[in-house]
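Heads up, the next two complexes both have subunit A, just with different partners, subunit B and then subunit C.
Up next is the complex of A and B:
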């Protein structure tokens, strides 16, 4: 990685004050996304995967706040950017699709209004209403919505789940973003529709050369679509590296646990081995390694804080028992 | 498969379930066609004692309705449900309640299926009380504690309320409640779909242990083929209210016959792309169950649809022992 990455996150800490105390939803996250690359971010609920990228886009709702860290997009630190500068970035150079298209889209406006609104806000199309409408039709056609001319005037509820997800992707790519963040883009969809949407995202990326972050709870989704993967647990990245290498030879015990607890269609006879215990309480994470209470390999030394260490070959793990 | 010595524990014969969406006067003014949801249409299934039958399908395929009709939580519009040789449609409320001891259900959403105002002890204890499992309160207390421990929760959980538990723990409570009645048949309707991967594996392991220890029979409903294949002895694949293929799990995975089953298998994201069967991407969306297509319901998305598929609904064809498919591709190839 010689050139500066498109997105670079260093030491990001995002906190939410709650009655139970300060929740460090994201606690010391380092991540890089190169231009044209797809980074998969995998984790269970509470791992901080979504909050990390909400922080990137300035979408963390007060009283939540970014407490520390650096977020560089194209070399520029955007962590402390004022609201209007962030607004110019969002939907323009960086776009995000949400998990649930039904809540992300406004039910009171037609799809046309919502696409055109984005195009207008970023002044990416020359010309008047007709040119904007033509661009909107073109966008719907590109995401594979049949009969885009007549669909344009419809409301979100008139679309099926898969089609709504496509509409949201159309809005996200409307301004040709250089980075697309897809937060669980297929979780709410049936498996045959999920395959269609993932193929569409891959095609969009190949076509435009944009960088992409695919956030998912499913290693399988990430395995087939991402160059690199970052596994998150308890607000931290516990392992990262080239996807194939991480899946074939995981270095962190949590990654191994995730892989073993997943039923595998190719090997239905292989027993699944659950990870014992519960996901840690975010208001009172265990000291030292966050995974220690559930880790079958935990031993002395695991109760001290551990950093994400470089293992060479583009790989890193946050575990004291892994030798470089 | 079925001989007189060991009849199936559950048998569905030609079961249909239709929901009429018209209310009041609209029943007179509007046609039934286009206003009726065809949730189940001519479903025949059998579950042997001690077996796990997995039901797989996408949203709207009728799998949840199937689970509810199997327990007579909903009345079928047509057809018959037999449990242990008894036609459960013929039972009056009192006898049905007595039979329900033996048939229980675990729902998908452990946030919605537990009463937030009752303690865990009350929730599980009510199952015992309703089905006359324990008479004195001390006895009931001990039984509830034992049940909770069996599903991996501490005794102290009794005094706490559902909101104090995580999703996985709540699902354990729901399982304990189902077990309280002492059932031999359990419908599991997407029991792990709302859970994180590492927790999902815990619940699947628990269900496996309970099946062994209590000799349970499961109807296991899920949209996730990897989960279904892992837990089931046999699998039934549903599409728009019909069963399109049934067979032993291994065989469904290794030799899927119906084009829909093949597409489902190909669509599952794999850890290793080399494991994936050749791509057979389906185009288009699921048709509306309000207006299911005529003939084979899958013909609008089927890559191999022919003329006959648009007109004639295919009958199930036996391909091998216990493996049946409803598809015209095989109508000339019956053994």
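Up next is the complex of A and C:
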């Protein structure tokens, strides 16, 4: 990893006031993404993985807010940047794709409108309407949409699920972002289409050298496409490290649980063991380790606060039982 | 919209019109009261004269025969003679239509100009003081009866302050050559700015009375549709694209939110074009609504029947317009 990461998150805390009290959806997250690197972020729903990156883009909706922490993009702290500066960053240097293109694309506008308005917002194309249109055609071609000229005038509902996802990716890469945040890019897709979309994302990254964050609940997706992985639980990073190393030898009990709870094609005889219990109440997380109530290895000392500890070789884990 | 679908929709008019005719015809026939008695009153007309008049108006025939005759004539565009005016029904109605159209358009423009921005702003500032104020105001607007608001407006602005005329469309001194029948247009065409202002002053109160109630309704519909639209994923994605707040609200959210608003506006226009009987009566507005009220009181069957048929046609056509607008706003819908 290079000395100055493209994106560096330190001590990020994002909170949502609710009737049950203040929910710390993200509670002390540290993450780095190097230029050109792919970071996989894995966790169950409610683990805070999406909110972490909504915080990066300033997309947390009031009354939710970033309470503490630092988000550095290219060395500049972008947490709490004024709206105009954030807007220039969004879709420009940092782009995002969402889980379901069917709901993320506006049903009332053609694909052309939705691509061109992004280009316009960031003034990335010289020339008038014709140049913008040509760029839009080019973008659709790049994400592998056949016959882009004629599809440009169509509406999102006229595309298949996989093609829609490609349109969304085309919009995200329209302004050549340096960081692409792909939030659950395959969850809404058929299994056969999933691999195509992941390959497309990988190709776009290879082509442009942009950094990428791949948010997923599926360790398998992350395993095959990411350089490094961060596992999140209860608003915290519980383990991070090079993908291969983490999957081959997980250090945190939660990561082990995740790996055991999914089928393994290489070892089909291995039983699938779900993680018992439920994720903790976000308004009242257990003291100490958040995973303790569900952890098969929990013991004395687990109810004391535990920090993410550096284990060397780029690895870190948040567990008192892990020796450095 | 393809021509086949359009033709289908127009064909649907036939059974609707037949049904409405039958209902109106029987209601009028079963309502107590006799047009001949109304017209001749307690005059000295002999029973023979009354019978002759009844025969003359075709009222001596059995009900089903009268209905069939009415239908046969109506199909040929013949609606008979107004008992009261002694002139063809079509002429009497045609005379009154421009006043109602003028009032309707003015009220609807006012309603759209006030209601849509109000709804958008209330949704954007949801739960803020503006939203709360707008909610109370629109609730008042929706629930206030038009006749009460109209009378109040006349009392305050016409009688006490003398700002607006009490009734009518234009002063007797103004002569405006007939072009469209809508005085705001005709006075301008004739190049009479003074008469135009006078017509505008006459129109102001009735249009405001109708327009504000409609604005309140449109504001409520727009607000809830906007709140729903602003919650959608495509708004988050639009934000993530770096679009301006104005573009997100006024294009991405509003185009989707306008779908229910346009539907309600079109249907309400249909209702207004039928002539708002109460407001037209309160303001002495010589439109279709007041004509029908008069016709009902004088048992002027031919006018009532023709007017109700006209309502039905207008209503169905405006619904068709709403559907067409709907497809323009929402590309997922194909008729």
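By our rule, the second predicted complex is superposed on the first by the 322 of 324 C-alpha atoms of A that agree within 3 Å, B and C clash if a C-alpha of one lies under 4 Å from a C-alpha of the other, contacts with A are read in each partner's own complex, and residues count from 1 in each chain.
Quick note on the criterion: contacts are C-beta pairs under 8 Å (C-beta built on N, C-alpha and C of every residue); 3 or more make two chains touch, one makes a residue touch a chain.
The structure displayed is predicted, hence computed values, not measured ones.
A.B. asks: Does the subunit A-based superposition show subunit B and subunit C clashing or fitting?
C.D. replies: fit
A.B. asks: For A:125, decide between first (touching subunit B), second (touching subunit C), both and neither.
C.D. replies: The answer is neither, since A:125 touches no partner chain.
A.B. asks: Should A:57 be classified as contacting the first partner (subunit B), the second (subunit C), both, or neither?
C.D. replies: second
A.B. asks: Which of the two partners, first being subunit B and second being subunit C, lies in contact with A:34: first, second, both, or neither?
C.D. replies: Neither partner.
A.B. asks: Could you say whether A:117 touches subunit B, subunit C, both of them, or neither, answering first, second, both or neither?
C.D. replies: In the superposition, A:117 touches subunit C alone.
A.B. asks: More residues of subunit A are touched by which chain, subunit B or subunit C?
C.D. replies: Counting contacted residues of subunit A, the larger count belongs to B.
A.B. asks: After the superposition on A, what does A:88 contact: first (subunit B), second (subunit C), both or neither?
C.D. replies: A:88 sits against subunit C, while subunit B stays out of touch.
A.B. asks: Have a look at where A:160 lands relative to subunit B and subunit C in the superposition and call it first, second, both or neither.
C.D. replies: first
A.B. asks: Contact-wise, after the overlay, does A:311 reach subunit B, subunit C, both or neither (first, second, both, neither)?
C.D. replies: A:311: touches no partner chain.
A.B. asks: Can A:107 be said to touch subunit B (first), subunit C (second), both, or neither?
C.D. replies: After superposition on chain A, A:107 lies in contact with subunit C alone.
A.B. asks: For A:171, is the partner it touches subunit B (first), subunit C (second), both, or none of the two (neither)?
C.D. replies: second
A.B. asks: Using only CA atoms and the superposition described at the top, report the least gap between subunit B and subunit C in Å.
C.D. replies: Least C-alpha distance after superposition: 10 Å.
A.B. asks: Per the contact definition, I'd like the list of subunit C residues that touch subunit A in the complex.
C.D. replies: 232-234, 236-245, 247, 251-252, 255-256, 329-332
A.B. asks: What residues of subunit A sit close enough to touch subunit C in their complex?
C.D. replies: Touch residues, subunit A against subunit C: 57, 59, 83, 87-92, 95-96, 98, 100, 103-109, 117-118, 121-122, 155, 157, 168, 171, 175.
A.B. asks: Which residues of subunit B touch subunit A in their complex?
C.D. replies: 58-59, 166, 168-169, 196-202, 204-205, 223-227, 229-230, 249-250, 253, 263-273, 275-276, 281-283, 285-286
A.B. asks: Which subunit A residues qualify as touching subunit B in the complex?
C.D. replies: Spelled out, the residues of subunit A in touch with subunit B are 44-45, 160-163, 190-196, 198-199, 217-221, 223-224, 247, 257-266, 268, 272-276, 278-279, 294.
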